[in-house]
Amino acid sequence: MKVTVSRKAHFNAAHRLHNPLWDEARNAQEFGKCNNAEYHGHNYELIVSVRGEVDPETGYVIDMKVLKDLIKTKIEDRFDHKNLNTQTSEFANLNPTAENIAVVIYDLLRADIDAKFDLKITLYETPRNYVEYEG
Amino acid sequence: MKVTVSRKAHFNAAHRLHNPLWDEARNAQEFGKCNNAEYHGHNYELIVSVRGEVDPETGYVIDMKVLKDLIKTKIEDRFDHKNLNTQTSEFANLNPTAENIAVVIYDLLRADIDAKFDLKITLYETPRNYVEYEG
Amino acid sequence: MKVTVSRKAHFNAAHRLHNPLWDEARNAQEFGKCNNAEYHGHNYELIVSVRGEVDPETGYVIDMKVLKDLIKTKIEDRFDHKNLNTQTSEFANLNPTAENIAVVIYDLLRADIDAKFDLKITLYETPRNYVEYEG
Amino acid sequence: MKVTVSRKAHFNAAHRLHNPLWDEARNAQEFGKCNNAEYHGHNYELIVSVRGEVDPETGYVIDMKVLKDLIKTKIEDRFDHKNLNTQTSEFANLNPTAENIAVVIYDLLRADIDAKFDLKITLYETPRNYVEYEG
Amino acid sequence: MKVTVSRKAHFNAAHRLHNPLWDEARNAQEFGKCNNAEYHGHNYELIVSVRGEVDPETGYVIDMKVLKDLIKTKIEDRFDHKNLNTQTSEFANLNPTAENIAVVIYDLLRADIDAKFDLKITLYETPRNYVEYEG
Amino acid sequence: MKVTVSRKAHFNAAHRLHNPLWDEARNAQEFGKCNNAEYHGHNYELIVSVRGEVDPETGYVIDMKVLKDLIKTKIEDRFDHKNLNTQTSEFANLNPTAENIAVVIYDLLRADIDAKFDLKITLYETPRNYVEYEG
């Protein structure tokens, strides 16, 4: 009897998209306005989903408060109100596209979530664009 | 050509989380504010998803109005404006966590939905917490 | 140059609608399912709006973090995961309709918000029903 | 490392549900108000999801701007502010249920999206009814 | 102690924008795609707001259930799944812009809402366009 | 017969809150994480509301497409994917709080909207914080 439980969270950050191996012209062509050297930013809406058996004693898959606190410690405290390119080690050498941010968040949380659970990350970069990653 | 059709519904209810096999201290520790003996409540947002072949005559997987009426009869009439712990047989001996409520709703609807269809329940307990169950 | 700033907050609570001066039949007739003696509940979505001059030094009408903390201390800590009828002094003798809850929240916050500011409360009882009060 | 990227789009259209092989009475019975001979309409909210490997050079699965432009050219320009029954070749002989519209949109986009990607269509006919199709 | 209570409702309809006093070219120029002779349609989201004194006996400004039923009888039953131009007397000779629809709804409801209350209509034509009218 | 028409728009930008007349300690104390020297960012959701008489010929207060294009030219093109502090003349010497951004947007649009209309700006900085300005 496997159930998926999901928790929404939120962080605001600045970023730019840029590939240091390309020249300026190619960066501008590929990333358009997102390549702006002075950065732009987003309200990232994050959904963390954990799938597993319902514990018959608690009726929980996982305690949502524990999950909420884990997201705060591992993700929000790290990325909220930060410049992803210049102020995080994760994106010092990785282009902070929504895809890459979702994979990084997955990896950061996976370490602290029991291997018996499946994990899925959904990340809204804007209300109209979002990505999903399940490992 | 399988398509999934989903219908949203809504009910308001009171509940508390509690395990009668535990003493008060453990209940308080595990369930925190949700263990409040005088209950609290939620606007539960329910999504019922049915997956199957599109009927070439109607263009429907299942008539949404039939699905809407089934949700009303089997779920809303049973749980809306109720105290889940004290006024429903389903949770008389089952902790009404979002996980357990989703499983109960699945079982209640499964009986009336043709076995050729897959069924999935999504239940929002708050705008930030939700669960999914597919049997 | 007056601007209105608004902050959204959230609390879950149980309640019932009931007038102790009426007999059971009239309560049932007036309040229907909301009169259920065993309570039901809601996810209350609260918007607190403060209108005033923009401070030229900060660019703020009021520091949103201060407003957020005030809402937490005065409203969320008081009502979240509570039974409004049995566990709050405010509704011991006042019917906890959305209208009355909004007026109570207004009065609770008004005391701590400088008289130079206008205050407005918006309270969603469900996603389809809400009330507004401006004093 | 497969990631799913999704883009939301929007179109407004008129339609009616009708099966020309049935008589009027049966159409009325099966489709109810949706059979209205003078049409009704919807704001269709469309989500197009593409799943594939993240390109290590761009950090993209697919450029969202390319996807956005493709949805505009292939779907919005074709269906927006149209009468689906009388002004589109796709539904000249196909009942424009949400299910069939989703399948048609899938087929229209599939031709222009590299076969290495999975494609999924989600279509909201109203805020309470939606369908999903993955081919 | 005046409070505003609001109720959300919903109807789907087809319409076209057209001024019969203008020729085709001017209609096309002014109304663009909305002038399509074969109609298009919308999911109209309606909010009806009533402002008045809180009744000390009920704690209500107005019974939401009464308001909900009034909206159903006077508005939804009249406009839902209809072609506004060809199937309603209200828009037989009135261009069904969002502005005019809001005014018509106001007038229809005003007759049944006690003069001691203020009335306000909010009408979403799309998630990005809406109008408000207060008489 | 005055009606208010509203149009939603969107832009993403980076900013920091900072008062150059204060030292670092005071800036940190007043603006907290929002003072981050490397910037952070938001998805700004903008609502522009125009109130006026309904034109009997068109049934419009103002053509929404004209309003949409005006917002694009005057606001989105100026601020979208920009660093408000370093790449806009408007905030070169003005702290880009939500309050000040709303006032700037009002002033930018006011010049192009006929004086017979009232204008109101609503700006969401996050889904939980927003401001309103009416001149």
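Per-chain residue numbering starts at 1, and chain names A, B, C, D, E and F are given in the order in which the chains are listed.
Keep this in mind: a contact is a pair of C-beta atoms (placed from the backbone, for glycine too) under 8 Å apart; a residue touches a chain by one contact, two chains touch by 3 or more.
Quick caveat: nothing in here was measured; it's all calculated off a predicted structure.
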item: Touching chain C and also chain F, the following chains; value: E
item: Number of hops, chain C to chain E, where each hop joins two touching chains; value: 1
item: From the options C-F, D-E or C-E, the pair that copies B-C, where over half of the contact pairs coincide; value: D-E
item: Chain of greatest Cα-centre distance to chain D; value: C
item: Rounded Å distance, chain A centre to chain D centre (Cα mean); value: 29
item: Distance between the centres, which are taken as Cα means, of chain F and chain B, whole angstrom; value: 41
item: Multi-partner residues of chain A (each touching 2 or more other chains); value: 127
item: Pairs of chains in contact (touch as defined earlier), listed by label; value: A-B, A-D, A-F, B-C, B-D, C-E, C-F, D-E, E-F
item: Complex contacts: residues of chain E adjacent to chain C; value: 1-9, 49, 54, 57-61, 63-65
item: Chain A-touching residues of chain F, taken from the complex the two chains share; value: 10, 12-15, 33-34, 36, 38-43, 45, 80-83, 86-87, 126-127
item: Complex contact set, residues of chain C against chain E; value: 17, 19, 21, 30-32, 94-100, 102-103, 127-133
